[in-house]
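Naming follows writing order (A, B, C, D, E and F), and every chain is counted from residue 1.
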Amino acid sequence: MSQKYEPINSLSSPRFTGVRTFMRLPHVRTEENIDFAVVGVPFDTGGTYAIGTRFGPEAVRSMSALLRPYNPALKIDIFEYCSGVDYGDFVVNPGYIEDSYQMIEVQLGKLLQHQVVPILIGGDHSVTLPHLRAIAAKYGKVSLVHFDSHGDTWDSYFGKKYTHGTVFRRAAEEGLVDPSRSIQIGLRGSLYGSEDLKEGENLGYRIITTDMLKQMSPDELREAIIQRVGDNRVFVSFDIDFLDPVYAPGTGTPEIGGFTTYEAQQFVRKLTGLNLVGFDLVEVLPDRDPARVTSLAAANIIYEFISLVAWNKREKGV
Amino acid sequence: MSQKYEPINSLSSPRFTGVRTFMRLPHVRTEENIDFAVVGVPFDTGGTYAIGTRFGPEAVRSMSALLRPYNPALKIDIFEYCSGVDYGDFVVNPGYIEDSYQMIEVQLGKLLQHQVVPILIGGDHSVTLPHLRAIAAKYGKVSLVHFDSHGDTWDSYFGKKYTHGTVFRRAAEEGLVDPSRSIQIGLRGSLYGSEDLKEGENLGYRIITTDMLKQMSPDELREAIIQRVGDNRVFVSFDIDFLDPVYAPGTGTPEIGGFTTYEAQQFVRKLTGLNLVGFDLVEVLPDRDPARVTSLAAANIIYEFISLVAWNKREKGV
Amino acid sequence: MSQKYEPINSLSSPRFTGVRTFMRLPHVRTEENIDFAVVGVPFDTGGTYAIGTRFGPEAVRSMSALLRPYNPALKIDIFEYCSGVDYGDFVVNPGYIEDSYQMIEVQLGKLLQHQVVPILIGGDHSVTLPHLRAIAAKYGKVSLVHFDSHGDTWDSYFGKKYTHGTVFRRAAEEGLVDPSRSIQIGLRGSLYGSEDLKEGENLGYRIITTDMLKQMSPDELREAIIQRVGDNRVFVSFDIDFLDPVYAPGTGTPEIGGFTTYEAQQFVRKLTGLNLVGFDLVEVLPDRDPARVTSLAAANIIYEFISLVAWNKREKGV
Amino acid sequence: MSQKYEPINSLSSPRFTGVRTFMRLPHVRTEENIDFAVVGVPFDTGGTYAIGTRFGPEAVRSMSALLRPYNPALKIDIFEYCSGVDYGDFVVNPGYIEDSYQMIEVQLGKLLQHQVVPILIGGDHSVTLPHLRAIAAKYGKVSLVHFDSHGDTWDSYFGKKYTHGTVFRRAAEEGLVDPSRSIQIGLRGSLYGSEDLKEGENLGYRIITTDMLKQMSPDELREAIIQRVGDNRVFVSFDIDFLDPVYAPGTGTPEIGGFTTYEAQQFVRKLTGLNLVGFDLVEVLPDRDPARVTSLAAANIIYEFISLVAWNKREKGV
Amino acid sequence: MSQKYEPINSLSSPRFTGVRTFMRLPHVRTEENIDFAVVGVPFDTGGTYAIGTRFGPEAVRSMSALLRPYNPALKIDIFEYCSGVDYGDFVVNPGYIEDSYQMIEVQLGKLLQHQVVPILIGGDHSVTLPHLRAIAAKYGKVSLVHFDSHGDTWDSYFGKKYTHGTVFRRAAEEGLVDPSRSIQIGLRGSLYGSEDLKEGENLGYRIITTDMLKQMSPDELREAIIQRVGDNRVFVSFDIDFLDPVYAPGTGTPEIGGFTTYEAQQFVRKLTGLNLVGFDLVEVLPDRDPARVTSLAAANIIYEFISLVAWNKREKGV
Amino acid sequence: MSQKYEPINSLSSPRFTGVRTFMRLPHVRTEENIDFAVVGVPFDTGGTYAIGTRFGPEAVRSMSALLRPYNPALKIDIFEYCSGVDYGDFVVNPGYIEDSYQMIEVQLGKLLQHQVVPILIGGDHSVTLPHLRAIAAKYGKVSLVHFDSHGDTWDSYFGKKYTHGTVFRRAAEEGLVDPSRSIQIGLRGSLYGSEDLKEGENLGYRIITTDMLKQMSPDELREAIIQRVGDNRVFVSFDIDFLDPVYAPGTGTPEIGGFTTYEAQQFVRKLTGLNLVGFDLVEVLPDRDPARVTSLAAANIIYEFISLVAWNKREKGV
């Protein structure tokens, strides 16, 4: 790789300077010479309650200025092993879900053609469907590792198939993911009915609820994930409402009794070595995040995603 | 009228008690025995920038608890002359504009069948189209009195015909309003091009910009309106961004250099005696309204609408 | 029961629509055909520090829209077993404690006459005294299960007997509760003097401090409660400041070092099978809750109360 | 006067340093050697809607750090002509109005015995009654100059005589003020009935509504005031809701269509030369003042009060 | 000019998409082919009271997404006549004023070498000194048109010569501006002493206070400015606290009784045809701007600056 | 000690009354008759990211009103054993680090001459350097117990030696602390490079990272600290960002995955019996603390510091 893209050095220019890009990466719309691209997907028409995640990418970029390039947990200097850019945002059509799905799929497809690992910032969870469509178009059916307080496997909302609460049923129906090699982690909260959880299982997903996970160590979670996904290609989808509402008040449908950022870090760091082909982090709603803790948490989770890409580069050369 | 619906008396129970309805009116889903109905239309899929006006009706109801039944400006004790309810909200389908338009039109039609004057709280400005469709279905083509910093007569946004920025072109095209007897008041702000204002005029609307209105007295505005609408049936649409952003920060596309609430009160009070068949107030976005001044202003503007209904009852018996 | 009252179905109309009632229950002021009634008690004159809990019921209702009818922790579909309404708020007289006490007691008495389980939303903790007066008038002396960071057993504040800090001394003195069969849970924070905790014990209460509870499992807490209350009738009073200030910043006298919502859920869910005759949740102060996590937590705790009512209906028929 | 009390010099120590006192005045509880004393009266039990003005004095002190000693409008270097302290707060008994009234009256009486001009920061408007009781005990019946969007001459709220909305009826009934030589300025907003405004006039007050004042120059207002009060002793009571809600969102019962701070400054500066014996500024509610503009405005209005004291010292020697 | 730089078209991609640059201009660090460059100068070490204007450029960029390319007040389609970029931020050294001054001067000098009109976003007002140093190095002594509630001509703060309150004394002393052909507009607020205003005049500046300006029309202000600056080269410095605190709460030292955004627009638009060589807008402090009205106002004022550049291009070819 | 300084009794005057001093202690600038003095050090020029900790002392004082004099964890009635005052703030020179360092050192030295234990409230962490200079001037080289998410042992920021990120390298270099008998606790977060942690160790500090501490009991931490500091004189420096960002959002450089206030309380209470000669608590940034949890936490941590002073008085007579 002739050109290396890496963040501006924050010891030579203060972190509060400059146009806000993720982690102070260069904002270049290239697919060349990069291992990963951070991309905003500011689409929120799929939200069924509080709304405004179209400003999620802006807020996450803002707080990501605090990130530094060495990850002491994984003991890795990220940009020693990889190159990446802030690709900007995909264009979407607010108010029009199916149109936007097509637009997102096309734009993401262009990145995937170049083997770039996409790291996508929503937007509401409805965007994961076009993410998976593009991923499946490139790689075929993948495994899903899904952190969320909701399974998002309802059949429809108000008679409509495409919303942020129906994504993983659609993904299964469309053959984009292999539920039998996928896992949903962190489900909790009141339900519409007793069958809600079963629906995910009927589709074939393995479900680890919050109550179950509270009894597991990070290593046990890793074990459960690996048992499920093996060496399949993996797409990681992280809904920020996996976190407890005090760690992520800025989200559309918060559920109390969730996880801390410390726990989330431990869990995500256990994904090292998986065959990771893409990531998204969704449902950051800045207008309900007065202390900015949600976007700070999101920026840090994405940082772990990038670290995982670097780890794979170092350890596996891919 | 056998039954009279009026607010709870705030001198016998404190205004901070009770389930929040507009102005502490009874929440009854009736079309009988009422002159007006306050209705929420919490639909915001048409918004092209900041979003979340689906929580507008809740916020406006909350601040409306401060309202009292005697309007000293119009010298009228509202409920001496009329009866009204908080009808609740129309059901909508978030994320699906055309479906929601149909749902709104049907629900509003039911109220209009009973000669009730609807007082509708958005939601973004895209809801005015189904409002006008129902109005036109009942009354035929009406005059529009439209307070707004934007003309909302663009042809399309991102290739789409239905958004909050294209409503009054659609309304003209669909023959719902008679632009030659309608008026748009308060336009200002930077534009996409020099033709933006002309487009409204080409459709036939009369436009009074903010710069023009700043030079006019309330009486001159009344004169201009009456000259335009005569004794035609009139629908009043008030976008809260007619107000300056410090009076209405909680809105999706604020434009600086606008009007105070005092000015807005003077203008709206000059609509007495018009043949008023419906009202909406739109674009209140509570998540961007930390001091709640926007929803307070909105509640007070709606209060003037109700006062106008009462005025017409007293003076004209309708 | 001929009529069943249950929430609006949130899969047919979005949760952000409608006049805000608790959990989207019908707002009906009936004592018939219901097992429980959610009631606001917006009285805050008893507060000795930050104040404004009169807006607590409004805020809790707002966030309760997120609740769904099936409780997976207790594996119960609530409205299969019971019927309930949002009864609205009791009328109170702000600024006048003893008057308001009488008003609350009378209004609550009417509900209790019909065997309805009241689920009351404060207001400051001073309202628990009239709650207990009405309860004792109906059922005689009851057991108290009291979650709180403060014992509220001071004798007086500034020479006055009725404040939010003296309630449980008054309740004991008036013979409303049986301290020897009651328990206070979660006390912590700096004290006025070494005798503060002893005062509660001198009155006969069992006290489990935060430090003690941090070493106990939910089952151990259940054990301690059951040992104390047996099959006595039980009133549950939950002060939101039991939670840590980051989970409940919106309260009048926060104490750091408290509990998470996850812990609170575990504890409250252990109250199944007790002879529960009433509940209150107090001290939610919305003006100090910018991210709305406090009212979200409160809505969820109340949801557990309702679930306990349903559980008792299913398991015990009462 | 041997000792002069004046603010810390903000050119030698930054304004953000130090324990917050009003205008950086020394915090000394003395009645000697001072012309005026700024005193907090953090009592808010009289509030009938939003509440929390007990934190008003703290917030006003905080923003008052920005004030500098030379008033260019009145062309006066305040501390060249007078000496003053921040006296701290009066002790009150929250939740107990009549008790607190007695406490306030006694404490204020002590200051008045020494000819000190009290400059009192509420608290809700209910505190003006004990202020006037102490004033009348010292000086006899005085003239009232009252800036407010409400007349506060209702007879009772919820059957109670003492609230923030009944103060000026009580003051007239108790013979504390001479309504025939008093004036209420700025009334506006919706009313409970057509008689509301007349009630103030029936008591003998002259009322200048907002609508009237919008047509008057500051000099015309001065004329009207002087015509009314002559050389009588004058107490000035300024309710911050005289200002428009965007200038004072932090208040309990805001009314739209009000005045700017610029207008308020012009009006208050016209009080030069009156026989001023005391001032209060009330109804600052910091929890609803996210941008702190309300307390900034309040600090500046109080600054004008102090300037008036200095002006009288310079011009009249008293 | 072979290459034209202009904003992304907001009718083809929504304004909420993309990395935030000013007005959606391309972020290119070029000095070629541009007429103007918008540059952030996030330095705030010179602030003497509230601080944090280092985040000003980020906040102003964020709200500038709302701007559209046609200015109807000046009847100009900006990018028909000029080309411009968002140049990003200058590097500064927080905590070190004199170092940062040198850094800013050097970086700005590079732009000026290419005849680019710099449009600079502070930062506190201390940055105007290096701006003027670079300007004077390029063009010699210039005229200053300075909108501000403070003259910033104090000699020192706490013994130090370089702060945000001493800039225009330094600029005069260093011979960067010609005070006799310069003007300060909008001064108001309490002062340290009677000589404060005179100091500016002693330096040679003409001062138009807020009280004076409130009596002037925009045309009269234009007259006064032109009389002063003639055809001299002009640097415009706009301190956002020229606006009233409700229009600009997000600033370090707000002064009540100021101007509306409507007034500011009228005044700034009157600068057409002046020989404008640079602009700055300073003192936007986002952490005190909860409703974002300050940064919205700032973005719009800067928009007028850009419009003036375009106007000069169209009318004068420069 | 003839004179005892202790807080105002909050059972006789409400905690919301009075000029805000720490814990309602008397504000007296004395060095006599006191065991400890709480002092604000509102200096924030050393901050490299978000800034505004100059308002930290004000905010901490405000929330400290909630504190009561008996500490049940240490079973000590603080003012039975010691006397203390709120000394006010040190004067500093904003924008000028080295000058301010000298000013702080001199002012602190005066307190230390009288054997007073200083309890200092920052300000950013850069102020710890002059704190240690004064301490070392009085006592010689001390042990440091340092709670922080950052080691603050970078060599320089942007070429400058004095910032909030370089303090403990400077302290070691200047011989103020003995790193070999000092300990840094709680380090975490992304780093500039792999050597960042090693640098602290190279200087001689023992480092306990967050990951390590999450596996330790409070007693094990005590063990580690005692092993390190023995009976050396100890200065305790507590950066509020030791806490997780949801417990302390109001800080300049938050790092997710941190500690709860409960954990912090347990750790700090384990410092009983150390030879404690001074404390500071730094980096509270009120403008980013909308729910005030950060300043509440800070006030409580400082309360533990005072309790430790009292404990030493009781147990050791010093």
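In the analysis below, a contact is a pair of C-beta atoms (placed from the backbone, for glycine too) under 8 Å apart; a residue touches a chain by one contact, two chains touch by 3 or more.
In this text, all values refer to a predicted model and were calculated from it rather than measured experimentally.
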**Fill in**
Chains adjacent to chain C and to chain E under the stated definition are A, B, D, F
**Prompt:** If you tally the C-beta contacts, which comes out ahead, D-E or B-C?
**Reply:** D-E
**Prompt:** So which chain is farthest from chain C, going by the mean of the CA atoms in each chain?
**Reply:** E
**Message:** Report the inter-centroid distance (CA atoms only) between chain B and chain F in whole Å.
**Reply:** 56
**Request:** Could you please state the distance in Å, as a whole number, between where the Cα atoms of chain D are centred and where those of chain F are centred?
**Result:** 40
**Asked** Which residues does chain A have that touch at least 2 chains other than itself?
**Response** 12-14, 16, 48, 50, 54-55, 93-94, 158, 246, 288, 290-291
**Request:** Return all touching chain pairs.
**Result:** A-B, A-C, A-E, A-F, B-C, B-D, B-E, C-D, C-F, D-E, D-F, E-F
**Asked** Where on chain E is chain B touching in the complex?
**Response** 10-16, 65-73, 75, 77, 246-247, 260-262, 265, 290-293, 296-297, 300, 303
**Request:** Show which residues of chain E lie in contact with chain A when the two form their complex.
**Result:** 12-14, 16-21, 27, 40, 42, 54-55, 58, 61-62, 86, 88-94
**Item:** chain B - residues contacting chain E, complex
**Value:** 48-50, 154, 157-158, 188-194, 196-197, 209, 211, 214, 244-246, 249-250, 253-258, 288-291
**Item:** chain E residues within the chain F interface of the complex
**Value:** 44-48, 50-52, 54-55, 93-97, 99, 158-160, 162-163, 287-288
